[in-house]
Amino acid sequence: MLLGGVETMSKREPVHCHVVEKAARDLLKERGVTLNAVAQIVFDMQLPYNKDLKMEECIDSVDKVLEKREIQHAILVGIELDKLAEKKQLSEPLQSIVEMDEGLFGVDETIALGSVFGYGSIAVTTFGYLDKQKIGIIKDLDTKQEGSINTFLDDLVCSIAANAASRLAHRLRDKQERLREEEIQRRDHEERIG
Amino acid sequence: MLLGGVETMSKREPVHCHVVEKAARDLLKERGVTLNAVAQIVFDMQLPYNKDLKMEECIDSVDKVLEKREIQHAILVGIELDKLAEKKQLSEPLQSIVEMDEGLFGVDETIALGSVFGYGSIAVTTFGYLDKQKIGIIKDLDTKQEGSINTFLDDLVCSIAANAASRLAHRLRDKQERLREEEIQRRDHEERIG
Amino acid sequence: MLLGGVETMSKREPVHCHVVEKAARDLLKERGVTLNAVAQIVFDMQLPYNKDLKMEECIDSVDKVLEKREIQHAILVGIELDKLAEKKQLSEPLQSIVEMDEGLFGVDETIALGSVFGYGSIAVTTFGYLDKQKIGIIKDLDTKQEGSINTFLDDLVCSIAANAASRLAHRLRDKQERLREEEIQRRDHEERIG
Amino acid sequence: MLLGGVETMSKREPVHCHVVEKAARDLLKERGVTLNAVAQIVFDMQLPYNKDLKMEECIDSVDKVLEKREIQHAILVGIELDKLAEKKQLSEPLQSIVEMDEGLFGVDETIALGSVFGYGSIAVTTFGYLDKQKIGIIKDLDTKQEGSINTFLDDLVCSIAANAASRLAHRLRDKQERLREEEIQRRDHEERIG
């Protein structure tokens, strides 16, 4: 399986995950979406549930979400469609539908939702909330500038932020449970030695 | 197949849809959820998109959503679990989890989401928004009174309202397109006779 | 709102549903997917549950599924991506991923699933079954001929067939329940006059 | 937060994850579902894609899936409903619907699907396939013995098996990519020293 030269390999082997991940991250950057901007949404969403939350944890959580195959693939497809629409290279009537980002067109949400399910029901409700409220960079993306099209990208950013927020919520619980266990063990220990 | 008496029939035939529908509607009423209260949420959600929206259309839309098998089944299961939890008849640890309506328990949202998908991506995002914002009767249900448990019901109401809102959005578009068609035909007609 | 000429209109008004529907149906035809071929899958899937099933009912059910906005939009996006990949017009690494239809790429299934949820859980399980078993035209599409790419189309056909099958299952039940009701009324009537 | 005695704690603190996990695993055992029986399904599903697959890897994958909160919660709810139905403790018409496991009742699939989405689109299609084909222990559960009800459990087992299979598929790819990388590095190294 691994005998061929680079060219033969590229024909037979699936694209390496590092290539896919780098392409997805580069595309976000190219379209003006920084980890920080997404992490800011995550921070604003999760602060009410965790007063000690730090911006670095949010950045880290967004970063971890971007390591997932499902979200990388969704980014590749969604941004490709946005860019093709900007260059007027989609066939009609798809070109017009994507250009206008019309309300009843749902393939953008569907693609984004596909990677939201992986983070549980909190991620799904957070996605829905962000998609309606359009906070921070999601609002900037939605407020189209002349010529730029972000029909798929704004939903993808909702998805990344929702996943990162849900991930933090689950980890916060894990942390609290570990603390509780240690506390119980400490008290058991005190009782025994008390 | 239809030869037996009532008792034999009840063993062989699936429960008739009228029985299921009546049971689901009765349960909502029993738990204090009126069509009007749900329709009010739908009205508040859709008014920004349709200035001419009338409360009667929202009531009618909620009513139509309740005709669907999927939502009826979800109501039967969800309210059953709420009522069993109120009577402390669930096994532990499920009893405690449902009683507390804890944040990482997602089966309530999952059951409600199951019937949301049927109304397209607008319904999914509206569901997520309502589940976070808890408007109107959803807030009342969530603010638990002593002894009452609505862990599943509040998500079901989000689902019914989201479905009814999405249904109205799709029908508004259908109506606008019919109007546009008539306008085009009128102009074509005027041109021809002009 | 309806004052402008055709060009102004095309900028402001959403694309008319008739245009979208015609485009979706034309694309299926262009890619070699006939209503009959899809209906044959539906027939084979549903015959075990309904001995009286007729091919015409299956064709009609497929036709009704194609009237839905969600499936039309999914068809427009999916076939566009297949055609762009055939013309080598997608960016790398997306071009390679779509060309190879690689196993862990799931955006094709995600887009197709988006319109499956609308037909309930039977549609979801039927979709999963068809996607694994690749019956009839789905197999033909999956067995790639030199140069042709159907990465998205084969999942779309699974989705259309699954939806049409689920639709028939629900309607069969409705029919049985009406028959049962008539039977009950007939017997009630006989008892009264008996 | 951790000051109270056991009783106070149980009122305030969410149920500890270890308690939930143990309860879910105990319930599966109680209902006759062993890790081995589920792993056998996973093995049969994945062998065609991986000739070197070992039964131990499948058992381990099932075990890892059971560590997830979403699946544990689904198991608690689903088996509770099956057991209540066996004891005739559900209200009508839900009691009859669950007893008969009727074809158009989809809440069982919905609850199971909720935890399938977390493992990507392969998991969804595998779930659909298993739900139709009913292999191994799924068949045993579906073939009801007098008095026993597994309406929810058979879908839960499909979900666990589908998740474990999808997990293995993703890990197989990761492994192949690591091998490929090592191979590339080895050749690079040979070239340099060659």
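To keep things simple, chains are lettered A, B, C and D as they appear, and every chain counts its residues starting from 1.
Everything that follows uses one rule, which is that contacts are C-beta pairs under 8 Å (C-beta built on N, C-alpha and C of every residue); 3 or more make two chains touch, one makes a residue touch a chain.
Bear in mind that the values here come from a model prediction, so they are computed numbers and not experimental data.
Although chain B and chain C carry the same sequence, what matters here is overlap: shared residue numbers make up over half of all numbers found at their interface.
Counting C-beta pairs in contact, the pair that comes out ahead of the other among B-D and A-B is B-D. Annotation: 25 Å between the Cα-based centres of chain B and chain C.
Work out the mean CA point of chain A and of chain B, and you get 29 Å between them. Counting partner chains per residue, chain C shows two or more touched chains at residues 14, 69-70, 103-104, 106, 110, 113-114, 120-121, 170, 173. Taken as a graph of touching chains, this assembly is complete, with every chain in contact with every other.
Contact residues on chain B toward chain A in their complex (touch as defined above): 49, 103-104, 106, 109-110, 113, 120-122, 124-129, 131-133, 169-170, 173.
Here chain D touches chain B in the complex through residues 10, 14-15, 19-20, 23, 69-70, 73-74, 76-77, 80-81, 83-84, 89-94, 96-97, 100, 102-107, 110-111, 113-114, going by the rule given at the top. Those residues of chain D that touch chain A in the complex are listed here as 2, 13-14, 16-18, 69-70, 114, 117-121, 170, 173-174, 177, 179-181, 183.
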